[in-house]
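Structures are listed in the sections that come next.
Both of the next two complexes hold chain A, though its partner changes from chain B to chain C.
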Partner chain A sequence: MSTSFRTDQEFFLDPQRCIGCHACEMACAECETNGQLPMIHVDYVDRFLSPQTSVQICMHCEDPVCARVCPAVAIEKDEFGIVHSANTARCIACSNCVNACPFGVPRKIEPMDLMMKCNMCYDRTSAGKKPMCATVCPSGALFYGTREEMARRRPNSSPVNTFKFGRETVKTKVNIMMPKGETELVVYE
Partner chain B sequence: MATLPVPVENLIARFGPHLNFPRAEGIPGRDEPDAVVKTHCCFCGMQCGIKLLVKDDKVVGFEPWEEFPFNEGRLCPKGVQRYMQNEHPDRLLTPLIRVGGKGFEKIGWDGAMERVVSEIQRIQNAHGPDAFAMLSGVSLTNEKSYLVGKFARVALKTRNLDYNGRLCMVSAGAGNKKAFGLDRGSNNYSDLAHAEVVMICGTNVSETFPTLTHWIWQARDNGGKLIVVDPRLTPIARTADLHLPIRPGRDSALYGAILHQLIKHDWLDHAFIANHTTDFEKAKEAVKDYDLAWAERTTGIAADKIELAARWWGPAKTSFLLHARGIEHQSKGVENVLGCINLVLATGRIGKPYCGYATITGQGNGQGGREHGHKCDQLPGNRDIENPEHRKYIAGVWGIEEKDLPGKGLTAYEIMEAAHRGEIKGLLSICFNPVVSLPNNNMIREALEKLEFYVAIDFFLNETARHADIILPGSLHEEEEGTVTTAEGRVVRIRKAVNPPSEARSDTSILLELADRLGAGERFSFHSSEEIFNELRVASKGGTADYFGITYKKIEDTMGVFWPCPSEDHPGTPRLWEDRKFKTPDGRAHFHGVPYREPAEVTDSEYPVILTTGRVVSQYLSGTQTRRIGKLVKQYAEPLLEIHPALAARLDIHERELVRVSTRRGTAEFPAQLVETIREDTVFVPYHWPGRKSVNQLTSGHLDPISKIPEFKVCACRLEPTGRKAPSPDEAQAWASP
Partner chain C sequence: MISTLNRLALTLATLATLGLVAAIYLGSRNLGNFDPALVAYLFACIFACFGVVYRYSVWLQRPPTWRYFARGWQLFFSGRAIVYGWEFVKNFFVNFLGQRFIQKRGRDLGRGHLLMAWGCILAFGVTFPLVFGWIHFGLKPGGIDTYEIYTFGFKTMEFPLHTWIATLIFNALNWSAFLVIAGVMLLIRRRLTHAGQIAVQTFEGDWLPLLLLLAISLTGLGISLDYKFMDGKAHQFMAITHAITVILFLVWMPFGKFFHIIQRPAQLGIAIYRKAGEEGPQAVCPHTGQAFTSQLQVGDLKDVTTQLGFDFRRSDGGSHLDYSPQGKRALLATAHLKARQKAGSYFG
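Up next is the complex of A and B:
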């Protein structure tokens, strides 16, 4: 398959920097394949206490549980590690993936009877461009570039792609930014 | 007669605001655009680079412009959705005439122009030239701002021209002129990257200038400390190393108290003060009693926090101070600005790498618009309309006698007051919606109703233009060539992407034809925006805002030129004051004594709570554009009353309950939003909405004595629970509230 996918570039997610502006959602929804639905989600953590928002994209797991639980083999991971949205011809809208994803990413779109999720703007990334959300994000909560660029920009943070959910460890293609020196994020013991 | 021709509901039904949403099935032609036009966002002073996709003379989408150096592709939701103002059902497509009892009816351009000119002449013949006023706005390009300034003085011959920058940057401009002799941010934002301390005062950066967040956080990523002064815990304040939750209207006390600490601990740059400034002793004298205990009592900020701010600011080697409307929208806006400048001068941290100071100019062309055009006391090049030399020079450029150049006129709010008194009888407005954006707007509405004749140029029928006798359909940002000057002082190119639709015309061509019909055609023989810019260059030559060396080609070749740029071989000036030659008459930067005084309206037993106002990220100014863009409206659909739970509990106010808010000027109801992110003595309501949902029914018309900016940011109010739960935002439809 002919592609210009930049294997030296990675996605870095830093939810703490999210300012809740929703530029990413609006830009994501512009993609022709998304039918004006955003595949990235911004929500308040607790507006009563703080204006802190959090942003969630597909983390593109190394061993994607969404694909493993799919009875229709509609979800595939490609050679670059992108976990693609459900193949529309195969998806049976069973919601197994919706229930299984540890990050709560896939959503079942009722009117279309179809699971949809972020595919890291494959139309853009496969052409050597950056994903739309990371291009427009005004605060650096979403960043797409090389590991070296990120180290230069954030000398006091470390990218982490290992998540502990109890006894289960999940490794992802997308990194989140943690205080310098951290190597994993323990979601719960 | 400038009353509404029919009930407001009928006008809303026909002219909106209606919400425009992108089509889910996609927009035809976006994949294969006819043109990809590099231009800038039509909203705030950041002027982010953006590429517009054009198909069949329509803007069908956008693409990030990653090469533009300020924003590198980054955008806020307003920028992403701005293309939805195109192909909008509310767009004004023909001239309209008010017909009492019927509404607005179509009229040809010739008839509309004839009526406008005959009414101008009738009113001016009967009551003098100044009885016809003009109000303008700084969403207009430099070319149009310049043209408006010249049009009002040379064609309309009125001294009463002012603009919506009066609600925006005038306190900062006046303060900067007093201290530095020039009105521009001293540094560009790349000087933030290695500032050890960044102090941002009264600016909700992440909602009002989202793309500036990147530059501020760059400083933090490099180990810098961030201090935020704001009564609310805004998204940027959330990430601050030190948040100073100030009681609204007490800002100059804080800066005085910090200066007191700098002096006490000798955190001063004595050499800089001695060699490059004047009046330090006056500044020192004014703050001699402002100790921490006084400051805590006055500002409502804990003394140890104020002390810590001074301890960080004082000895730092590099720093950057930014401020915006929070401190400027006050009856002591200029004093607050001067208080901030005193802190910069005392430490000598200006005119060097990573040592910066700037106001964050709010509107798209807030910077350029206030230098060359429509400010009542100003001539191009940031010249003074009362200065005989300046008048002579500009009269020469314009080809008129100096005696025929009108003098200083009334400011925006004062123009409306004069209309209310019956002294101003006629009005031409472009790009200004005072019935939403000015304070005390019940008075504004009454003033409009008293006008004998009102003509509005706009692309949508905004709430003010509903009062017009004639409406001339003008152009969107993407429908004309031009330049704007960003908050950094960078002059950038706005490119025309499409033609105005149907019978709508470019603002420039409308003004040029009016000038011709008013008998001043030979002074307005421009054939392109570039020709207007070239005259602006000459008019600005030798002024403090000198654009003479800036050409369209130079801007295009370098992605923007920072003024001053006095000659074509000059590279522009990204950082001011490196030469320590300030533009004051004595060449020094001036300290000012800033004794603290209270806001014009303080709380009492009748009105015991402080009301402050501001903006949200998804809306822009009076909402003429953004209240018509569906997704932006839905993101924050109605003005909410932010109230601390402790205050809410005392008043028995519950989440989503409608609260009646009253001030000496009016009453309005807003749904309560209980948040711990605001001071207990203060409530906040954003101002973008019209009619019964406009918080500017309540705000005060007290003006700063120098800048004449209204005190939007502080007044006294009373809160009463209604016991009624607010209807859903979709039911309330605040965006189109009558």
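Up next is the complex of A and C:
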């Protein structure tokens, strides 16, 4: 694998800024490692109650549940903290990762019997470029750059990479932009 | 080093290796049919057996792997052996032998892998019994134009020399080499031209296996080339280089990419598990109100994640794992919205 990955750059996600335009989805399908399949998720949060949309990429957990529950040891995290799509030779398409990921990210591609997911456009980021989705997002819901750049753009927000799911605390490589001063996002108590 | 070894795996690997040695001894009729020229291959096979069983045993002890392994057997003996047996057979032919799922991953990948896999299956089918002395050939007594094949010392077949069947049988490893070379070529082209593959490929994981299979096939063909067209002048060189490449393959099998050949049948167990899940109660997501997987899988995942040290229980008595992927994404977005609302501004 290439070693031009820029460790000074990070991913910052701000779901409230998502306008549901699906530009990220179209761009994601350009990523060569996905085989032209979009891996990003753009959802209506609750279509019957509001037009709110949300965007979700892989958060690249420090201790990825998907990898731990994989019976085939097909999911691996590299030295840059990127949790890669399933190793095609090993994945046995059991869907454990799909159903265990706390962020609901991996997809099982049924005819291929294969799990695929966002790998932060590794074909681009490993060459020092930005992920496709972040380059096309018109509303700033997806941003890839340095912490300093992000602080200038969002002076009233803080990047947070700690998530509480009840008693479980999950730390991630990807940040979510929270109100200034927050240190974690409590999904539920 | 000994203290870091997995004792159960060590015991199973030792037993399997002793079992193989006994099977070779008995199957070759007290080594009477064993070909001493193949002794280096034999030791590599014995090492590969130990390594493969050791790694497989360690692999099986991982909580998620063990759960599927135990469930697979439990389902098989649950009184529905015919239903699950049919699922097993169907998947064996369609996905294991036919490799349909790999065809769906890409045309070149599908064709290349199928050629390579069938070349290897044919080569394994010929090489292992020959190396173990389980099969041997001989001239039929009383003549010079008929060959006999003996399996475990019993005559199983005879065929006349200088016929198409003799050509087919004597060149079995050459046919397998042609299949493997064609497959490797397709896959090498893909690795050289597909940007996504280039981004994530590694030498050890992706290139070395292809190059090793290519080397085995070319040196194997070299042996035939030598005795047919070069009067055996390069026999020593061809035989030794072929032996080196094959032995490297066997010794590396427990450690590298080729271990997936041993792991892949687990997919057949998953087919049974999925069938059982479809027939049983479904898990319905509290957010979407739709079924997303089987309760069997959700229940097993709850156990496995607990075993692994994760705790996704909710204070209301439920679990985060009761939610579908879409439901989980909605929970996160809702929590983020609430945090923004609480701070008094949607954006910041």
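Couple of notes before you dig in:
Please note the rule applied: the second predicted complex is superposed on the first by the 180 of 189 C-alpha atoms of A that agree within 3 Å, B and C clash if a C-alpha of one lies under 4 Å from a C-alpha of the other, contacts with A are read in each partner's own complex, and residues count from 1 in each chain.
The criterion applied here is as follows: a contact is a pair of C-beta atoms (placed from the backbone, for glycine too) under 8 Å apart; a residue touches a chain by one contact, two chains touch by 3 or more.
Everything quoted here is computed from the prediction, not taken from an experiment.
For the composite obtained by overlaying on chain A, chain B and chain C can both be accommodated side by side without a clash. Once the two complexes are overlaid on the shared chain, A:A93 sits against chain C while remaining clear of chain B. In the superposed model, A:L185 lies in contact with chain C only, and not with chain B.
When both complexes are overlaid on chain A, the residue A:C70 reaches chain C alone and has no touch with chain B. By the document's definition of touching, of the two partners only chain B reaches A:H22; chain C does not. In the superposition on chain A, A:N156 contacts both chain B and chain C. Of the two partner chains placed around the shared chain by superposition, chain B and chain C are both touched by A:G35. Using the contact criterion defined above for the overlaid structures, shared-chain residue A:Q56 touches chain C, although it does not reach chain B.
Considering which of chain B and chain C touches more of chain A, the answer is C. Of the two partner chains placed around the shared chain by superposition, chain B is the only one that A:R47 touches, whereas chain C remains out of contact. Shared-chain residue A:K173: touches no atom of chain B or chain C.
Of all C-alpha pairs spanning chain B and chain C in the superposed arrangement, the closest lie 5 Å apart. Counting contacts as defined above, chain A residues 16-17, 32, 35, 52, 154-157 meet chain B in one complex and chain C in the other.
The residues of chain B lying in touch with chain A in their complex are 21-26, 30-31, 61-62, 64, 66, 71, 73-77, 79-81, 206-207, 210-211, 213-214, 217-218, 221-223, 233-236, 238-239, 617-618, 631, 635, 645, 673-677.
Residues 59, 62, 64-65, 67-68, 95, 101, 104-106, 194-196, 198-202, 257, 260, 263-264, 266-267, 270, 273, 287, 292-293, 297-298, 301, 304-305, 308, 310-315, 320-321, 323-337, 339-340, 342-343, 345-348 of chain C touch chain A in their complex.
Within the complex, the chain A residues that touch chain C are 1-2, 14-17, 31-35, 41, 43, 45-46, 52, 54, 56, 65, 68-73, 84, 88-90, 92-96, 98-107, 111-114, 119, 122-123, 126-127, 154-157, 163, 165-168, 176-180, 182, 185-189. Partner chain B is touched in their complex by these residues of chain A: 16-17, 19-23, 25-27, 29-30, 32, 35-37, 47-53, 130, 132, 135-140, 153-157.
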